[in-house]
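When the chains are written out, they are named A, B, C and D in that same order, and each has its own residue count from 1.
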Amino acid sequence: MLGTGLLQGLAVTAKNLVGSFHDPERYVTMEYPEVKTKLPENYRNFPFLVHDDPKDPLGSLRCVACTICETECPPQCIYIVMDRDEKGKALKRPKVFDIDISVCMSCQICVEVCPFDAIKMDQHYEIAETNRFQGLLLSREQLSKSNAYYHQLHPTEAAAVDALLAEQKAKQAAAKAAKAAPAAKPPAPAAPAANPPPPPAPSAEAPKPPTPPAP
Amino acid sequence: MSLPGQLSVLFPLASGLGASSPLAAVLPASDSALERLPLTLRGLLTGWLPASWQWLANSLIAIVVLIVAFASLFALLTLAERKILGRVQNRPGPNRAPLPFLNLRTYGLAQPVADGVKMLTKEDIVPDGADRVLHFLAPIALLAFSILTLAVIPYGRLLVALDLDASVLFFFAAGAATELAVFMAGWASRNKYSLLAAMRALAQLISYELPLLLSVVPVVLMAGSLSTSVIVERQGEWWLGFLPRWYVFTPWGLAGFLVFFVASLAESNRSPFDLPEAESELIAGHLTEYSGFKYALFFMAEYFGMCALCGMAVTLFLGGWQAPLPFLSFIPSYLWFAGKLLALLGVFMWIRASFPRLRIDQLTRLAWKFLVPLALINLGTTAFWSLTADWAGLLQPLRWLIAAGLIAGPFLLLGRNLSKGLGPRTYRYAA
Amino acid sequence: MSVGPLQLCLLFSSALFCVGLIGALSRSNTILVLLGIELMLNAANLNFIAFWRFGPNPAAATGVIFVLFSIAVAAAEAAVGLALVIAIYRHQKNVRLQEASQLKG
Amino acid sequence: MTTVLLCLALFTVAAAAVAMAMRNLIHSALLLVASWAGIAAFYLWAGAEFVAFAQLLVYVGAISMVVLFAVLLTRHSRLDFDREPETRGRVRLALFTGGAVCGVLVAAVLGTAPSSVPAAVPSLTVRQLGLALMGPHAASLLAVGVVLTVALLGGVVLAASARHSDPEDAP
C-alpha cells in the first residue's frame, strides 16, 4: 500500500534520532580535537628513528647510517650523511638524517629493509605546518623517538623486536667470549666477522633488500 | 478627530488590527490571568495613550511582536534543524559556536548569531547586467508576503493580529503572491539557469497550490466560515466528554490534513520537494546569483512560510489553540498553539531527514494524479459527512464507515496507480 | 462644484479605462494588448464596487457578485488569450498583431 | 477619506500608464501586477474584503503567472518596439481616442448630480455573499464554472498544439 514504505523510513530515522541520545552504537561521532579515535596497532604514518637511551637521544640512535633505506626509498625522501671523525673514519652513526614528509608516502619500505630495526613507523598524523619547506623537512632531532614510545605505539611488534635484539646481543656476547677463549672454534663466528656492519642474525634478512623495488 | 482615528474609519482592514479585533474585545471573565497575560502587558504599554491613537499603537505592537517572535523562532529553527538532522545521522550537529567574549559553548546556541554575522559580512554581489531593482526587490517582496500570511493565524484564544471575515482567503492570496517574488529573483539574476530554476519552482508552486486549496475547502464547508478564529472555535467540543473534536479526527479531516501537509511541504520548498533550490544538484536554483544578506532573507522567508503553513495546518485541522483534553485547558491557549506548531515543525524536519528528493516528473505526477483527485474526492466525502450530520445511534458508526471507505478506496486505487511499475528493484549485477 | 467620493471613484476608473484603451490601441505586441483589455475590465469592476459602496442599495450586494463573476471571466479570458498568443507565436514566430492577418495557416 | 483614495488612484493609474508605455515586457507585466494590487487595495478601502482577496488571488497569484510565462515563451525582437512611422501614427491616434473617451467620461461623471451617499461601510459578510451566490445567483455560478472549465480545456488545446508528429518527441 502507498505510504507503508514511507512510514518504515520514518521509523528508521526516528530510531536513530532517539538512539543517538542513549545508545553509543548509534552515536559514533568523535568530537575530534578533544577526543581522538584509538588508532589500531597496525596504523602507520611516517617513519621515525628509535633510540635506546632517553637521556641521550641522538647518541643512542640505533641507526648506523648504512643508507640502505636511503637507496630503497621509492620517492627518495630520505637524506643521510654518515658522521666521521677528524681522520675520516666512519663512526657508524648519522650526522644528518632528514626525511621530507611532504614527499614521504608512508610505504614502510625503509622499515622493511632496515637491518638494525632503527627506523619504525609513527602514528602521528597532525602534521600541518605553516612553513612548507622547513616545517615539513624533519631532521634527526625531530625524528628521534625513544624505544618506550615505540612500545606505546606498536606493543606486540616492539616486544618482538626487543627480543630479537636481545638475542643478537646475547649471541654477540657469546661469540666475543668464544673468541676470547683460547680454544676458539673459528667456523661459527666466521660469518659475523666476514661482514662487520650487520650483526649475525639479520643475515637472514640480508638478501631481502634487493627485492623490494616493485615491478 | 485625530489622524489615526480617521484612518481607522477609512480603512476597515487596518482597524481590524486593533480596536475591533478580539485582541482588544471585551474579555470573557472566565479566562485566567495567565490567558490574558499578553493583553495585560499590552494594556500596560499603550493604556496611557488617547483612545484614537491606541489602535495604531496596538497594531504596531502586534506587528513588532509577530516579527520578533518569528524571527527568533527562525534563528532557533535553523539550529534545531541542523541538530536534529545531525542526531538522525549519528552526529552531534553544530555545538561549537561560543558565546562572544565568554568562550562558553552552550550546545551551539550562538550558532544563529554566528551565521547572521557571516551572512551580513559577506559581499553582496549583483551580476553584471542584472536588473538591479528587481534583484533587490525580490527577497524583500518574498519576505513581506510571507510575513503577511502570519497575520491571520489565531495564536491564542485572544491573540489574532488580524481577525478578518475571509482570513483563510487572505492567507492563500498572500501566499500566492510569493510566486511572483520567486519569478523576480530568477529573472532579475540574468542567468539562464536561475531563470529555468525559477520556472521549475513556479511549476511546482502552482501545481501544489491546487491540492493545498482543495484540502482547505472541506474545513470551510464544515465550519461554515472563512474566518480562522471561528474555525478554531468550532473544534472546541468533545466527543464523549473528553475526546477532542478536532477536524483531523474525522475521516475527511485526516485525509484533508495529509493532503494539506504534503502540499505544504512542497509549497514551502521543503525536502523531499526541495527541487527549486536542491543544494546538492542545482547550485541553489533561482537563488544562484544571491549572496550575503539577500540570500539570508530568502531563507528567512522560506522558514516564515513554513511556520505560516504549519500554523495554518494547526488552525484548520489540529484544533488551533484548543487543549487536547478538557482538564488540560488551564494551560494558556497560546502555549497549546506553540506546542502544536513546534511539533509540526519537528515533523517537517523529521521528514527532511528521512526522504530522498523527488524528480520533477514524479513531483508533478504526485500533485496532479494523486493529491488533486484525492482532495476532490475528499470534498465529496465531506459533503456526505455534512449531509448526514443528524444520523444518530447505530447510524453513526455506519456514517464513519461509509466516509472512511469513500476515502480509503480511492486512496488505495490512486496509490496503486501512482506506484505502478515502481516495485522493488532487482539488480542484475549486484550481489 | 463638489466632487464626492463616488465621483472620485468614477474618475479613477475612467482614467484606468483610458490607460487600458490607449495601451490596447497603440501597442503592437499581442500580450500588451491583452493586458490593456484586462485593465479596462478592471476599470469596469471598479465602477461596480463604487456603485455598490456609494449606491442607494448596498445590501443587495449585486455589485460585489458581479465583480466576482467578472474576475472569474477575466481569468478565463487571460488563460485563453495567452494560449492564443502562444499559438500565434508558434505560427508566425513573433507576436506582432499586425502580422497576424491571415486566417489560414 | 479622500486622501487614501487619491493616493491609491494615483498609484494605480501611474503604474498602469508606465506599464503600458514600457519597452521591457517583464517590467510592464510586473508594474501591471502592482496596479492590480492597487485595485485590490481600492476594494479593501471600499469595504469589499472578499473581492479584494479574490482579486489578489486571481490577478496577482494566477494571471500574472500566466502573463509572465507567455512573455518568456515568446521571443521578442527589437522589431516589436521599433518606432516606425506607421506605429507612431497609431500611437497618436490611440492617444487621441483615449483622450476623447476620457473627456466624455469625465464630463459625464462631473455633469451628473451626486446621489445620496451612504456614509457607513455596508457590512457584507462572506456568509451573506455565499448565500447570495448559492441562492439567487446559483445559475450564473454554474455558468461561470462551465466557462472556466471550457476555457481551461481550450487553453490547453490551443497551447499544446500538434507536437505529436515531431520525431524528436517520440518516445
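The working rule: a contact is a pair of C-beta atoms (placed from the backbone, for glycine too) under 8 Å apart; a residue touches a chain by one contact, two chains touch by 3 or more.
These figures come from a predicted structure and were not determined experimentally.
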Query - Most centrally placed chain, judged by C-alpha centres - result: B
**Report entry** Whole-Å gap separating chain B and chain D, where each centre is the average of the chain's CA atoms
**Finding:** 29
Query raised in the report: Cα centroid separation between chain A and chain C, in whole Å?
Result: 87
Query raised in the report: If you average the CA atoms of chain A and of chain D, how many Å lie between those two points?
Result: 82
Report summary line: Per the C-alpha means, the centres of chain B and chain C lie apart by a whole-Å value of 34
**Report entry** Of all residues in chain D, the ones touching two or more other chains
**Finding:** 1, 47, 50, 54, 62, 69, 121
Query raised in the report: Line, ring, star, complete or other: which describes how these chains touch one another?
Result: line
Report task. Can you identify all of the chain pairs that touch? Result -> A-B, B-D, C-D
Query raised in the report: In their complex, what parts of chain B are in touch with chain A?
Result: 84, 87-92, 95, 350-351, 353-355, 411-412, 414-416, 418-419
**Report entry** Touch list for chain D against partner chain C, complex
**Finding:** 1-2, 5-6, 8-9, 12-13, 16-17, 19-20, 25, 28-29, 32, 35-36, 39, 42-43, 46-48, 50-51, 54-55, 58-59, 62-63, 66-67, 69-71, 73-77, 79-80, 87, 90-91, 93-95, 97-99, 101-102, 105-106, 109-110, 114-118, 121-122, 124, 128-129, 132-133, 137, 140, 144, 147-148, 150-152, 154-156, 158-159, 161
Query - Residue numbers on chain B that touch chain D, as the complex places them - result: 6-7, 10-13, 134, 164-166, 169-170, 172-174, 176-177, 179-180, 183-184, 187, 195, 199, 202, 206, 209, 224-227
Query - chain B partner contacts - residues on chain D that touch it in the complex - result: 1, 4, 26, 30, 33, 44-45, 47, 49-50, 53-54, 56-57, 60-62, 64-65, 68-69, 72, 121, 125-127
Query raised in the report: Which positions of chain A touch chain B when the two form their complex?
Result: 1-3, 6, 9-10, 12-14, 16-17, 20-21, 26-29, 31
